[in-house]
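Common to both upcoming complexes is chain A, partnered first by chain B, then by chain C.
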Partner chain A sequence: MAEEVVVKKTRPPLDPNSAKFKLGQIAAKAYSDAMEAKARGEKVGWISSNFPVEIPETLGIHVCYPENQAAGIAARGGGARLCEVAEADGYSNDICAYARISLAYAKIKDAPEQNMPQPDFVLCCNNICNCMIKWYENLAKDLNIPFIMLDIPFNPDNEVSDEQVAYVKGQFLAAIKQLEEITGKKWSDERFKEVMENSCRTSRAWLDATAQAKYTPSPFNGFDLLNHMAVMVTARGKVEAAEAMETLAREYKENHANGKSTFRGEEKHRIMFEGIACWPWLRVTATGLRDRGINMVTTIYADAFGFIYDDFDSMIRAYCRVPNSINLETSRDKRIKLCKDNNVEGLLVHVNRSCKLWSGFMNEMSRQIGEACDIPVTSFDGDQADPRNFSEAQYDTRVQGLTEIMETRKEAKA
Partner chain B sequence: MVSFGIDIGSTTSKCILLRDGQEIIGSSLVVGGIGTDGPRKAVQQVFEAAGISPDEASVSAVTGYGRSSWKDADFQVSELTCHAMGGRFIFPELRTLIDIGGQDAKAIALDKSGMMKNFLMNDKCAAGTGRFLDVMATILQVSVNELGTLALTAQEHASISSTCTVFAESEVISQLASGADRTAVMAGICDSVATRTATLAKRVGIVEPVCISGGVARNAGVRAALEKALGVKLLYSELSQHFGALGAAVYAYRKSGAKSE
Partner chain C sequence: MSMNELLARFHDVAANPSAQMKKYLAEGKKVVLTAPVYTPEEIIHSMGLVPMGAWGGDLVLDRAKEYFPAFICSIMQSILELGMKGTYDGASAIVIPSLCDSLKCLGQNWKYAVPGIPFIPMTYPQNRNNEVGKTFVKAGYRRVAADLEKATGAVFSEEALAESIKVYNKHNAVMRKLDEALASHPEVTNAQRSDVYKSAFFMTKEEHTVLAEKLLSALNETPASGKVKIVTSGILCDAPSLLESFDALGFQIVADDVAAESRQYRTDAPEKPEALDALAEKFAAMDNCSVLFDVEKKRADLIVKTAQERGAKAVVLVLTKFCDPEEFDAVPVRRACEAADLPFVLIEVDRQMADLGQARTILETLRDSLNA
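Let's look at the complex of A and B:
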């Protein structure tokens, strides 16, 4: 009997000048830099995703993002294990899975999927959700470390008022003072100016890159954005991030000029994906689309990280207008614009059990988007990090149904 | 030309044979869905019923949760499209279809031409599905169909407030233990399925004519409760449980040109 030879496919090494390589390096370096800083005896923090990164970046403080860590752990198969640790400590499985994973990690202090240093303080901002407050309060209490909180309330109005800016600005200044006291590092207006310029430059490049989906076929697979946005969250104030994002935009433009795309296969349909990625089932959700020729050409993330501002106050205004802190009409209109700008033919909504805030208003918002754009809408149940809240068969049926509607519409038009 | 449609569901397998896209010449329904020999038996039975050999079916389509496991069909289609096509075949003016199967419920909106334009499905929960009724019928020691028929005789309706199947099971047991009238509890169970499904239907938008399909369509108690919850007359056909297979046969017929190309 002949011996079976298993040939394992190996991926060719990435070009070190490519955006993918550069962005991967920046994301990995954020963790290793924080580890090294901790080893040197510097104070490091944990930070929520929409806390103004400009503050720690200007102060030269290393921070880690529990949301990114939880997503990484979930994508690599560790979500259920850590969720169960938190649940055994009494946390309900109805609360955010990122929170459960993070609280579990603070307790067991090891996750081979993605480790990061333990914090000396936590930086929390509730402009993304209010679960964040109790999550970070508990981290601070469990670890007996300072809790720095920025309260950016949900804004029911269409604009950010001067009063809201003043309310938030007082907190920004207090947070800077607290951080100076904790870390011994000093705020520099000159350094802030550099960070602000980097952040705006990175954001402009991100918007430029994501806008290339206006072309049909799109020069990129929208799932790329889910990976690249890690840098937008954690490192947009760094000059390396600006350069890498500019490389990304350039590559997408070259792809379009050369008739290429990072989307494998023929792009038969174009959809918008709404909600946080279903990280534990990323491959299944992505493959279910790709196998049907569906490219997810845009998400609200394309707009969400467009932090363009020119001074301290306008930075505050930008943080008062992040997606989960604005009213339904403004949120809807941003998505309608993305759908129209990118010739979207269908909307796929992730009803994310972890995120009551985001999912709660989606029934109504997606109905309005569907009507305004005249596109079919479907949703599936899942979770950003807890793999137990997803059914592959249910996902598949919904995506196939959406595909069939898009196909029938095209046939009718033809 | 004979087209063949098979719907492999979670609890049953259904087949339809269609001549020239117009005449149903055979149907079968076997208890046993995905992962059982139900599909094979259903295929055997439908060809026996029609008195033709499998070779005489020139084109075929498969649908249902077991669709990806059935490799013998020319086309694989979602049950959403198939139920819409099957419903429209029986009721040519149909605009809204409510399907309640063994493990899911769906509401499908059709445009004037019969094209599916949108749909909604239940979330990841057994409440409002055939499985919910199975569990309740077991507690009450009646068949699912008896549960529906007896519910129609109820003088009053008990309130089953839990939306979770397991909690509702406890609630039903408690009510029975407290001496509640069995038919009232049965009516409450039908109301529970109906109100859950009605929310889906209302969200997708009710446009008449409206029909009901799937195994639960056979339950007269649920049909009556759903009509009350929606305030519309529900069209019902004895073939309602076969709409998926029928739609698959219709789809296969319409796509037969594509197969021969």
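Let's look at the complex of A and C:
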């Protein structure tokens, strides 16, 4: 019997000047800074991913992102364990898995995959979903802590109305006052201006980096974006984030100039991936594409974190335009633009069991995108954090089907 | 009319919404569909239009699957299905509020799935009880009125709205009285009680108020009852098989916290010089509901308090499968009941349930434990 030899690959240490290193440090530092702040006796908050980061950043308040934590826990294999803790408490397994993981973490207060300090208050913005309100209501109730609610309603129209801006602005100012009272920290207009500048600078660099997928082959593997996105969520108001994103954009441009890419192998096909990543099955979903020479060159995240604005009102408008807060037509047009700008040849849709809003009108929207861009569309069932809602076999079959259609179309064009 | 004749009338209306719609259309009236929940019916009514509830139906889903994934609740799915099948043909518009994520999706899908019936969005604020919230909700109401004018040719006026608010406040008051009265009338079955509420979606409020007042007068002396008193909670509790189980197992619903039943009648619009201000104040004052931001979870306490006041022996949460807001609230509601030593059961339902199976077993076990 032949003895199996397992050769463990060792990765070379990262260059500390590389974007990957810098971005990794920033993401990790967000957690360690919050831990240290908590240890010093400062009040620390939990915050939803599209709450205006400008508020806590200006006030110098440390916050942690439960969605980011849940994704990290799920990617490191802890999703099912924490989901089951929440389910044992009576939460339906139909509820968003990020919420289940977070409610479980608030109860058991330990997850070796990604710990973070317990909150003294929560900052909730529902511009990504109303599920967020329910999740944070239960957190605040269970932990008996203050709840700061910034309601940014789903906009059924193409433009953000002045009435919506006024409503959000009023709440924005109230949230600052509430936070000043809770934390004892004071708002500074001067600091706010700096934070807005940083946030726009980071966003511009992000857009610049992600736009490099316009080249064929793309100078990066789109799965990189899923990792780097953490910094866009948690730290875009920091100058370090702006610098790291600018480094990323520079590297991608250099890759293109030097004929390099972070996508390993030949880029045979280029697709857009729609939806939140399947964090528990990240390797499987990435490998299933890479092995077929498919590069996921863009996602809506490329556009989602482009918070570019000139002043207070336009900042409010930017937060009213995040994905999931906009109507089908605006959502569709953003994706069509990404597909066309980046020479996308197919659309792979993650029908995410956790996200009713993202999946609830995706059928119609993806049909319209497919028609407008003349590309094939395929979907697979999965979940952002509950590993039990994904079938590797189904994913493989669907991706294979998409590949064959893209190949056939290429042959026909040749 | 006797009590039984009145109950038969409520049943006829509740069971035949299409006939009601045809009747109104034949009278030359225009019908506007109102999706769940808290659609500003007063505005529709004030413009001389007939608001008709569109809460879906107990039918097999087929075409809605072209739009919705399987994990969207059956209320949204069946509303879309009925729209696509042509059941709502003749309606001038549908007003869909966006108080939950699935409702947002229903509106977006509706535009393409049922292009013949214009979609009118109603965007409510969650931070509702403050000046910016009230101003925003008024903007939402104005937009609904403007869209209705466009879709129907009818005209909106604050004066007419003020009159409609009176009609709706009166109906609310009668429904609250009826709710209280029915708690001591076990001879009215749970299925009949449901008809009283459900029929209100398919009649003008003036007509329904008259019938409800007649029923109040027609209720006889309270007979002795061995029924087990319960409080129901949830979005919808009108499935015939479920109501039949409640009745067959000897339960009496003595109060409810159901969105399609009593929740909508709890709050009146106050008197204000401007009618839209009054309507905005009404929404600002609304509470105790899974789709309205409620950090204190007062809803859970209200359910317990109501059960205690009405002498209920248990709370039954009728959970519409895939309804996020209710699924989140289920945990604090259960905890509040447990803290008050009030038995609590959760039964999961959807609009495609021909056979209750598991739900019936849960209810049988509850009855046996309460009778033990």
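Here, the second predicted complex is superposed on the first by the 407 of 414 C-alpha atoms of A that agree within 3 Å, B and C clash if a C-alpha of one lies under 4 Å from a C-alpha of the other, contacts with A are read in each partner's own complex, and residues count from 1 in each chain.
Everything below uses one rule, namely that a residue touches a chain if its C-beta (ideal position, glycine included) is under 8 Å from a C-beta of that chain, and two chains touch if they have at least 3 such contacts.
Everything numeric in this text was worked out from a predicted model, so none of it was measured.
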Q.
Looking at the superposed three-chain arrangement on chain A, would you call chain B and chain C a clash or a fit?
A. fit
Q) Angle chain B-chain A-chain C between C-alpha centres, in steps of 10 degrees? A) 70
(Q) Tell me the contact category for A:C131 with respect to chain B and chain C: first, second, both or neither. (A) second
Q) Is A:D110 in contact with chain B, with chain C, with both, or with neither (first, second, both, neither)? A) neither
Q) When the two structures are overlaid on chain A, which partner does A:D189 contact: first (chain B), second (chain C), both, or neither? A) neither
(Q) Just to be sure I read the superposition right, which of the two partners does A:N155 touch: chain B = first, chain C = second, or both, or neither? (A) second
Q: Could you say whether A:V351 touches chain B, chain C, both of them, or neither, answering first, second, both or neither?
A: both
Q | chain C versus chain B, contacts on chain A by residue | A | C
Q) Given the touch rule stated above, what does A:D396 touch, chain B (first), chain C (second), both, or neither? A) first
Q.
Between chain B and chain C, whom does A:P376 touch in the aligned arrangement: first, second, both, or neither?
A. first
Q) Thinking of the overlay built on chain A, is A:F147 touched by chain B (first), by chain C (second), by both, or by neither? A) second
Q: Considering only touches as defined above, state whether A:I95 meets chain B (first), chain C (second), both or neither.
A: second
Q) Of all C-alpha distances between chain B and chain C after superposition, which is the least, in Å? A) 5
**Q.** Touching both chain B and chain C, residues of chain A
**A.** 351, 363
Q.
With touch defined as at the start, can you tell me which chain B residues reach chain A in the complex?
A. 65, 68, 77-81, 104, 113, 115-121, 123-124, 203
Q: Would you mind writing out the residues of chain A in touch with chain B in their complex?
A: 351, 363, 367, 370, 376-379, 381, 389-391, 393-394, 396-398, 400-401, 404-405, 408-409, 412
Q: Note which residues of chain A are touching chain C in the complex, please.
A: 89-92, 94-96, 99, 126, 129-131, 133-135, 137-138, 140-141, 147, 149-151, 153-156, 161, 163-164, 166-167, 169-171, 174, 327-328, 351, 353, 356-357, 359-364
Q. Along chain C, where are the residues that touch chain A in the complex?
A. 66-69, 71-72, 98-102, 104-109, 111-113, 121, 123-127, 130-133, 135-136, 139, 290-291, 293-297, 319, 321-322, 324-325, 327-332, 334, 346
